[in-house]
Amino acid sequence: MNRIFASRLLPLMATGLVLVALFAAAGAGYENFLSARVVLNLFKDRAFLGVVAVGMTFVILSGGIDLSVGAVMAFTTVFLAKVIGGLGWSAPVAMLAAVGIGVGFGMFQGWVIHFFRIPAFLVTLAGMFLARGMAFVVSPRSVEIRSAFYDDLGERGLPLGEGLLLTVGPLMYLVVVAAGMVVAHGTRFGRNVYALGGNEASAALMGLPVGATRVGVYGVCGGCAALGGVISTLALSSGDPTRGTGLELDAIAAAVIGGTVLTGGRGWVFGTFLGVLILGTIKTILDFDGSLDPAWLRIASGGLLLGFILLQKLIARQSVS
Amino acid sequence: MSELLHAEGIVKRFGSFTALKGVTFRLRAGEIHALMGENGAGKSTLIKVLTGVHEADGGTVTVAGRGIRAASPREAEAAGISTVYQEVNLLPNLSVAENILMGRQPMRGPFIRHGEVRRRARAALARLGLEVDVGALLGTFPVAVQQMTAIARALDQEARVLILDEPTSSLDARESEELFAVMRRLRDEGMGIVFVSHFLDQIYAVSDRITVLRDGSLVGTWEAAGLPRLELVSHMIGKEVTAGGGDGGVVSGGGAEAFRVEGLERKGTVGPLTFSVMAGEATGLAGLLGSGRTETARMLFGIDAATGGRVVAGGETVDLGSPRAAMAAGLAFCSEDRKVEGIIPSLSVRENIVLAMQASRGVLRRVPRAEQEALAAKFIAALNIRTRGPETPIGTLSGGNQQKCLLARWMAMQPRLLILDEPTRGIDVGAKAEIEALCGELRRAGMSILFISAELEEVVRNCSRVVVLRDRRQAAVLDGPAISLRTIMETVAAS
Amino acid sequence: MKVLRSTLVWPLVALVVLLVFNAVASPGFFHVEWKDGRLFGTVVDIFNQGARVPMLLALGMTLVIATGGVDLSVGSIMAVSGAVAAMQVNAGAPMVQAVGAGLGLATLLGLVNGVLIARVGLQPIIATLVMMVAGRGLAMLLTGSQMVPFANRSLTWLANGSVGGLPVPVVLVLGLAVVTGWVLRRTAAGLFIEATGDNEKASRLAGIQTGGVRLAVYGFSGFCAGLSGVLEAANISAADPARIGDTRELDAIFAVVAGGTALTGGRFSLAGSVVGALLLQTLTLTLYNQNVAPAVAPVPKAVVILAVCLLHSPRLRARFGKRTQPVAA
């Protein structure tokens, strides 16, 4: 029994261990690294990635993949800039509309994948170019968002003492992670996502709504991507059609590093949370240490991604024999 | 006893092929009813119609007097019919409890009541006399527990009809016994159980009645106690026990020993087997479906590794590490699963024929186009392959002609031993005769053949020696005059 | 109607339609002139730019897709090889050595993809996705994320010179295409690739080393991407590790799919992919001529890919089943 438990949570523990080790090493190597401010900045800086990664986790759990998230996020940022700045929409309405568009776009991709049986990577790759292109149609260059609502929101947040403030962006991130954990583990939709990723044929034979689940899961991911865009405009007060390039890879890496198996059916939203923190810590270290090339971020996430995939393979092989 | 399930005149077609030709099947409450038949008899199609996986093209199904028309597994389950498949169709990545309650979890608002899920799961398993940690992942348990979980799922949705499709094929003897105990208990509670198995011993151990299907038609339903084994076998394969066919096989050509199989086995799958294959002779592998015929062939060709024993040729152990190694040792294997393991559907007849020869020569030494065309032309003529031309994609040919192309693929290799697994299945009568004739010619040319067929008459007609398999073990090796339909059937049916 | 069933017809028809549109919409489109011993003109540009990236990438991608896989890392591998070649010439290496180093490393990275897929058993999308991230990182790391300008005549000549009046890339890439096609049909490689992609299990049982086949096609894809990266760098006399090859994997997939090779693997058509690449380049140029912003150009490309895939989709085929060839059971 103990052994089973251990092997089931092994990837998650490995993730936690890597995070602790990274932090400890950075704390030893750099002065002032182990401070609340650094951690808070990390959360602030990576909040948009964290939200997108939660959506990605659901898609991967269902046995799929969504390469369009970065582009959907970019589209959201310029859409917000345009409708708030150019058309004078009220900011909350614009945000709701943006998330709605993200959900709708995701559901459409899910429908094409399910109904026409076209590989998810291809549909979402096309979706990525579609959304990115549309972002450029809305605005070919970065636009500043001027809105009293934004200014106001920027100053609000949860005071943590010592003059530290947990702003709306990271707060939303924590809420999304909590909601993701509840949905994944506590609702029928969440369990059906695991079932779909575990074995689609079995799920169908058990009478589970396979099609609706798949369409829904891409809807969730599209919605999360759009919400990531909202958070990114909160942090930067601008919309940019080039933002989020390569984000899909970071989101996938965060999920996989957090123990979600790429073939679907196994994983945790909480693991993704840890994965995002690991990627964020690496970035913070690179920021701290001016001498290290920022390219290491990509190589490290690629290497970690591969390392964790191989770890999953190894565990899968052992549990078979 | 009351009638629980009544399927009347069920017809199911797949394109031009009729899988069920008006089958009638009645299941009583409180009985275990064995459904028997060889490959292509229509057992699995019937089960899939009953469980809503396929929709019938004709006929009616009633459960407890109420007509149902199950268009999906969900509707069949709602009508009280549950199925446990051979490859347990559950979700190994979820907990035992979730697997039992999936789709029917008790809810509080939008949230699942996990405690209640576990409680109900434990209750359902308790009815089967099983106590496990229902929170652990299903995949961490042996197949036997997974099957119990599937049965518990059926119990929880108050199934009245339980279909067990080859549930024992991956269980050991003790696990099978435990399953039978559960089946008997559920029967005594009034459930109707349909039991599919290839093991005669098991059928007789638990069944009350037996229904036999053959070629998509009902042969009959009998009380198990009143049906001798030999008679059951003869119903299944469609041959009278008393009929002739005692031709004593093909007289041995007196060839030298080409291969000797010594105690070859794969633990948990088949064996140990010991027999000799003579040059210029066909050796038959006979036995019912699931007796280990195909498994033997796969082991010989290096697809599944043997765990014990060896194959000897000319005093030396043959390397059977991979199909390539087996090919190098002069073996060739024509799989029974033509579509998945045989043809390359979009490639041409010519390319399919030269494939194995080309693979053994390597990528650089391409068989010249002229030689390829000559080979294709030769085999198309010799085997009477009906195709528009050598460049037609093989996927568009009929089954019999595809089979002949695959034979050609291996004949082109001029192997010392050709393993033919069900070479005549699913092809028309004319093509069957042609393939049998071809086997004769190959034998006379000095090739050894390992001939696997569910059609015992074919085995008797073509072989000089027959290895009879029963329950994945070698039951007997029959030689020359001892080969007859009757002796094979008696060996198969022996307990 | 055997002609209509050939896979080459539809991309050719699409290409002709686009060309006719351009001939009407932008006068002088087909104007070609001879100046300084070489050809100039819009059509020449299409061939030149089409050869340098999409056509070259499509050569490798065709074989990868024919085995039922996909290679998402080609863009990043382009960046690596371009950077390596640029740094080599800056370090004083002769052109041949610089190009050789770029191609060698690119091929190696392709082979790493192959090992991960054929030996370790990762899904092709995943393995090449990892390479896509790490490869780009490697290119950035090698160059310190800086553009690497260089002044090497012979390397620049590779992209901007001419042979017999034709741009060098056109000669080089069409030559490579012809040689590849010739090798695939002269040896049994083409047969093995198609068999592996069409039915891997049956191929293995017929004695084909399907793992080796997969390894080789990813290696070749890496090689093609490497050459493309070198040409891209040579074209502007600088290697930009962030930009070279960015999102070009889509171009390659476009060319292959539009050229009639199915994503499910099996039969492939190198000629189709060449035509597909020209189609892509013509489309890009047409959009440019119609004042569509370059950044928006991927939209119509994505739409075309999806449309072609929908046409291949079994569900849609079933609906219009009468017109397609039944595959007998």
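So that you can tell them apart, the chains are marked A, B and C in the order they are listed, and the count of residues begins at 1 in each.
In this section, contacts are C-beta pairs under 8 Å (C-beta built on N, C-alpha and C of every residue); 3 or more make two chains touch, one makes a residue touch a chain.
The structure displayed is predicted, hence computed values, not measured ones.
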Viewed as a graph of touching chains, is the assembly arranged as a line, ring, star, complete set, or other?
-> complete
Going by C-alpha centroids, which chain is farthest from chain A? Tell me that one.
-> B
So, what's the distance in Å between the C-alpha centres of chain C and chain B?
-> 45
Could you put a whole-Å number on the gap between the CA centroids of chain A and chain B?
-> 46
Would you mind pulling out the distance in Å between where the CA atoms of chain A average out and where those of chain C do?
-> 31
Per the touch rule above, chain A residues touching chain B in the complex are 1, 4, 8, 182, 186-188, 191-192, 194-195, 197-199, 201-208, 265-266, 319
Okay, in this complex, where on chain A does chain C touch?
-> 65, 112, 115-119, 121-123, 125-130, 132-134, 136-137, 140, 241, 246, 249, 252-253, 262-263, 293-303, 305-306, 309-310, 313
Name, in rising order, each residue of chain C that touches chain A in their complex.
-> 70, 72, 116, 120-123, 125-126, 129-141, 144-145, 247, 250, 253, 263, 293, 295-299, 301-303, 305-306, 309-310, 313-316
Which of the residues in chain C come into contact with chain B in the complex?
-> 186-189, 191-192, 194-195, 198-199, 201-209, 266-267, 325-329
For chain B, which residues count as touching chain A in their complex?
-> 53, 72-74, 77, 85, 89-94, 98, 102-103, 105, 107, 110-112, 114, 133, 136-137, 139-140, 153
